[in-house]
Amino acid sequence: MIRESYLNAATLALLVAIPVWAMSADEPFTITLMTRAVVFAIAAVGLNIALGLGGLVSLGHAVFFGLGGYAMGILAHHAQTYTAVTEWPFLIEGTKSMPVIWLVAVVLSSLAALVIGILSLRTAGVYFIMITLAFGQMFFFFAISWAEYGGEDGLSIYVRNGFPGLNTLDPIQFYGLCLALLCLVLAFAWRLGGSPFGLALNAARQVPVRVETVGLDPVRLKLVAFVVSGAITGLAGALFADLNRFVSPTMFSWQTSGEIMIFIIIGGVGRLFGPVVGALVFVALEHWLGGLSDFWHIYLGLLLLVIVLFGRGGLIGMICGREKVHD
Amino acid sequence: MTDAVLQTKGITKSFGALRASRDISIDLKPGEIHAIIGPNGAGKSTLIGQICGTLKPDAGSVHLLGQDVTQEPTRSRARAGLGRTFQISALAMEDTVLQNAVLGALGAAGKPWRFFGNALKDKALRETAEEALERVGLQDQARMRTAELSHGQRRQLEVAVALTLKPKALVMDEPMAGMGSEGSKILTGFLDKLRQEAPILLVEHDMDAVFSLADRISVLVYGEVIATGTVDEIRANTAVKEAYLGDEA
Amino acid sequence: MSLLLLIEQVLNGLQFGIMLFLMAAGLTLIFGVMGLINLAHGSLYMVGAFCAAAVAAATGSFLLGLVAALAGAAIAGALVELVVIRRLYDKDHLDQVLATFALILIFSEGTRWIFGSFPLFLNVPEFLSGPVTLPGGIEYPLYRLTLIVVGLLVALGLWLLISRTRLGVQIRAGENDREMIAALGIDIAKLYTIVFALGAALAGLAGALVGAIQSVQVGMGEPVLILAFVVIVIGGIGSIKGALVGAILVGLTDTLGGIFLPELLKLVLDPSTATSVGSSLASMAIYILMAAVLILRPAGLFGARA
Amino acid sequence: MKFTTMAAAAALAIGLTSAQAEPVKVGMITTLSGGGAGLGIDVRDGFMLAVKQAGNPDLEVVIEDDQRKPDIAVQLADKMVQSEKVDVLTGIIWSNLAMAVVPAVTAQGKFYLSPNAGPSALAGKGCHPNYFNVAWQNDNLHEAAGAYANFEGFKNSFILAPNYPAGKDALTGYKRMYQGDVAGELYTKLGQTDYAAELAQIRASGADSVYFFLPGGMGISFLKQYKDSGIDLPVVGPAFSFDQGILQAVGDAALGVKNTSQWSKDIEAPANKAFVEAFQAEYGRLPSLYASQGFDTANLLLSAMAKADVKDADAFRAALEEADFASTRGNFKFGPNHHPIQDIYVREVIKEGDVYTNKIIGKALTSHADAYWSECSM
């Protein structure tokens, strides 16, 4: 058994080493793949706050991923066509600036998470899974028929958005940016886990009635977790859209929600680096298995089954054993 | 006569045809241990549920420190000073003993909205938590996972979490259940002293403990309080003997 | 819009709802008895349709195809239960969602591997094809009428099975108290396999019946699966009666919403905007219905309070 | 899935030699798994048949599966450009995937030859010198259907399509040519499989004909249910719902239905006869229009390779513009926006032995160009 902190450090080292190698070996596509994994990891770190800490099995996180994506798509679309997003009640211009887009993505997805959370948290268990799924489907069908922004065709952005001081078109620089954000989000999630809020949320997942008897409101704790979680997944959505320079309703589909959840389960639910390991492994599988056979989904399915049936706590659980007791 | 810390006035609760509480009026005075006894199915859990706020009575009211809290949720009653321990331990089993105690301190301080800073390194929270653990004798187990505690130790932790709230009144649901005789003895001694700090409404099956601790006893049968009085009065009460002690009498 | 057209559309909604019920009944039964969320239920629907298409093509008989669909889906269900599903009962919902999601991948690509990427042929049998004239002069396809009747018969059969048979007693016991069935000396493992196979057979039957008027292709199960989940969540998970009511509600909402929302909006918007906004709203309608039901009744219409 | 063909069958090459020795690397991104894989497989097989026949050792093809997901397609395009360093891309089936990929790769100086999708945005203002569409602009087949409706004298058509951009383009295309009235216009849910409600509306509308654009499984469902409903109006659709792959699944319900297509297996061009025979010999099934498009795409590319060096973009582009290859469609040339100018036929579904297939009954449009070329400036 390897200590989890060593494994985490090794994962971080890989996240730096592989792109550096890819650069020297002139394999820019490997960097693109790594960027994809890192962006997925951010989305999953977001979901993990709701799922791992709060126990909220949300099958609707694609909503936030998609909102982040469309925040980028719409703002950049208007910027590249030199039109205003809206002129009423006040003028909103498009933009090609990543920080602004990120801010909009985070605000939008938080608001959506607040509304969806308030409504969904009236239910629990399977009903919660299903009501979040329903909200996902609503956004999906809305996006498909929203002709102004491309409907099912989606929106193409011809040039990646800019970040002050960086050339984001250079794969390695954009990767660095995403990795920095991932580290930030991980640091946040780590601090959150040990914070008073994290402690209370953790207890609210296990024994809501206890949290209630010490004078706290477990539903409000979960709601805040859901909003924070949605905001981070929204940020990832904006990055994903910028990685592809494209957004489409697929980002809202229930399969997207399922995939974000799969990253976490592959890596290990509630583990700080679970989403990161899961996203890396998933992207690698998608790439290598896809190269082996047309029917690679079969192998992916079998692998997922093995992880669920025989691997308690995902890959990290298999390698490191149960979580160590925090001090 | 001093004012009651906790009081129910004629609370009534039915589940369908089953009348689980019938016009129950009991109170808890400062410094006392008031025991509730009764056979299985007498409605003890329903009564506690209404006092603590997990169930709403159909009629009647619950008063805490003179305030009508009938419509308040559990958490408001907790913040107002009502501590509770559960019959079946309700603890975060994956967390450590200390984390459970800190949770109580956190609730008492009413500050769960801090996303940064380690909860376990917060001086005020930790002191409150450690003090409570020490009082129940769990200081050496602070870093253990709660799931690894023995049954009796979990009971002690339940009490410790309740103590972190600095409660004005305690409701304890069978704290002795499943404890060895040694453990029961220690806990009995502890509760004996605790009553000066916070009066205790004690639901308990262990008659030795009840008779040695209680200042007053109420007997609940079929959702109704058939008698309230001192230990001696209850021992002498014929209605109780018939309804509750049955053949033994 | 004429009254006759309205009646015809209501019939359409009813028929769609009853097809959904066949899917949802198995799903809700499995959840009620075993507490399992089975995302792979749509795959069993697909298996039924493919079995029916293959056998009908080989024998030329639609009825043999139906038998094959029932048998094929039941066997596939029993196998899956024995190999995978029974290891999931004591796991949490999250693991169940993931494992059955994995089963979807395996079933879909496996079917494509065996049958290829092109849709299969399965047609309405000669004796059920074409329209009949109903009282009032409504022309309605005979096959769709048959579907309504078959669906109602299945609902009746399920009700009899659960209320009148020994298996039904065991199923009800399983829903109420898992320890009790063990205490009654019932072989739980066997009961679970039977219930799962029964649910699978219902899904397979639905797949074959619907496949005859739709397209028998890989991936046909997922859209129906989502709808079936909407149905059982609205009805209350575990309740057969809830599934029936939920299915008809969803069927009517979906069918009538698609027609009336654009028409209603034309009163306030210009026609092309109304058509487009109306169509969007219509495709969201059932999800809005589901969210609304859950917000008002968090455990569905007929669900036991969680 | 990735198989690299160095076209080892050089022995088969007869007289067709490349003018330049510079090899050309082609990246094909197409749908090979999941729903809709049939179309991608046909395009790939048609393309690879032409490659094999040519036996040109300078042509290397890399094939990847996009799973019909836009984000995967974009990622594969990045891979093709960054790692494989391809010169030409091709293969995408769906308009939404094309919109995600084409602008980015042409902006990076690569050529893109579309074997199937032709969204209007890329034909008009968004046209690009390096983008060539070898199939059709999305509206074309629908325009042809409109023209055919006039020819048949339809006065009151009921039209329906899914509620997404290609669906709206389809009905716009139909109405562009069609001169009669519209009895009803419906946008259905994407992926919808039950059309009972729509059929009831058609029956009640008093229309004299029906035009539908419902690709894939949607069309199969619609046709079966249409037949079963007993509605007796003539129905017309674009070739997508009547192609070789799905006709067998529709069966009798399709018999006699008219559809519009730029290709049919009975087009009287020698190249077409040879193609149909070779395809059947190679893969043991009849080719579809997607296969013919893949085949034409490869031959267009080969014809340009014979004339110019791909590294000389201007010369190569000029060679592509000439479209100097024997198309399976007979007449084929590019308009100023690099979209085809071609004849579009009306076909009828017939049964040949046990196999359902199409037969040409007339020409709907001759040397037809798309409606957007005037908006294109390049």
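Here the chain labels run A, B, C and D in written order, and each chain numbers its own residues starting at 1.
We adopt the following convention: a contact is a pair of C-beta atoms (placed from the backbone, for glycine too) under 8 Å apart; a residue touches a chain by one contact, two chains touch by 3 or more.
Remember, it's a predicted structure, so these values are computed and weren't measured experimentally.
Undergrad: Measuring from the mean of all protein Cα atoms shown, which chain centre lies nearest?
TA: Most central by this criterion: A.
Undergrad: Among the chains, which has its CA centre at the largest distance from subunit C's?
TA: B
Undergrad: Whole-Å distance, subunit B centre to subunit C centre, using C-alpha means?
TA: Between these chains, centre-to-centre, one finds 49 Å.
Undergrad: I'd like the Å distance between the centres of subunit A and subunit B, where a centre is the mean of that chain's Cα atoms.
TA: 43
Undergrad: Which whole number of Å gives the spacing of the CA centres of subunit A and subunit C?
TA: Centre separation, subunit A to subunit C: 32 Å.
Undergrad: Indicate the whole-number Å distance between the mean C-alpha point of subunit A and the mean C-alpha point of subunit D.
TA: The separation of the two C-alpha centroids amounts to 36 Å.
Undergrad: Enumerate the residues of subunit A that touch no fewer than two other chains.
TA: Residues 141, 144-145, 147, 295-297.
Undergrad: Where in subunit D do residues touch at least two different other chains?
TA: Within subunit D, residues 33-34, 37, 163, 187, 189-190 contact more than one other chain.
Undergrad: Give the residues of subunit C that touch two or more other chains, as numbers and ranges in rising order.
TA: Residues 108-109, 112, 276, 279-280, 283.
Undergrad: Once the touch criterion is applied, which pairs of chains come out as touching?
TA: Every pair of chains meeting the touch criterion: A-B, A-C, A-D, C-D.
Undergrad: Quick check on the complex: what are the subunit C residues that touch subunit D?
TA: Listed in rising order, the residues of subunit C that touch subunit D are 1-2, 4-5, 8-9, 12-13, 15-16, 108-109, 112, 116-121, 123-124, 129-131, 139, 141, 143-144, 210, 212-220, 223, 255-256, 258-259, 275-276, 279-280, 282-283.
Undergrad: Which subunit C residues qualify as touching subunit A in the complex?
TA: Against subunit A, subunit C makes touches at 31, 37, 84, 87-88, 91, 93-95, 97-99, 101-106, 108-110, 112-113, 226, 229-230, 233, 237, 276, 279-280, 283-284, 287-288, 290-291, 294-295, 298-300, 303, 306.
Undergrad: Which subunit A residues qualify as touching subunit D in the complex?
TA: 27-30, 32-33, 36, 141, 144-145, 147, 150-154, 156, 158, 171, 240, 244-246, 248, 250-251, 290-291, 293-297
Undergrad: Across the complex, what residues on subunit A touch subunit C?
TA: 51, 57, 59, 119-120, 122-127, 129-131, 133-135, 137-138, 141-142, 144-147, 254, 258, 261-262, 265, 269, 295-298, 300-305, 307-309
Undergrad: Quick one: which bits of subunit D touch subunit A in the complex? Just the residue numbers, please.
TA: 1-2, 32-34, 37, 64-65, 69-71, 74-75, 78-79, 82-83, 95-96, 99-100, 103-104, 107, 119, 163-166, 168, 187, 189-190
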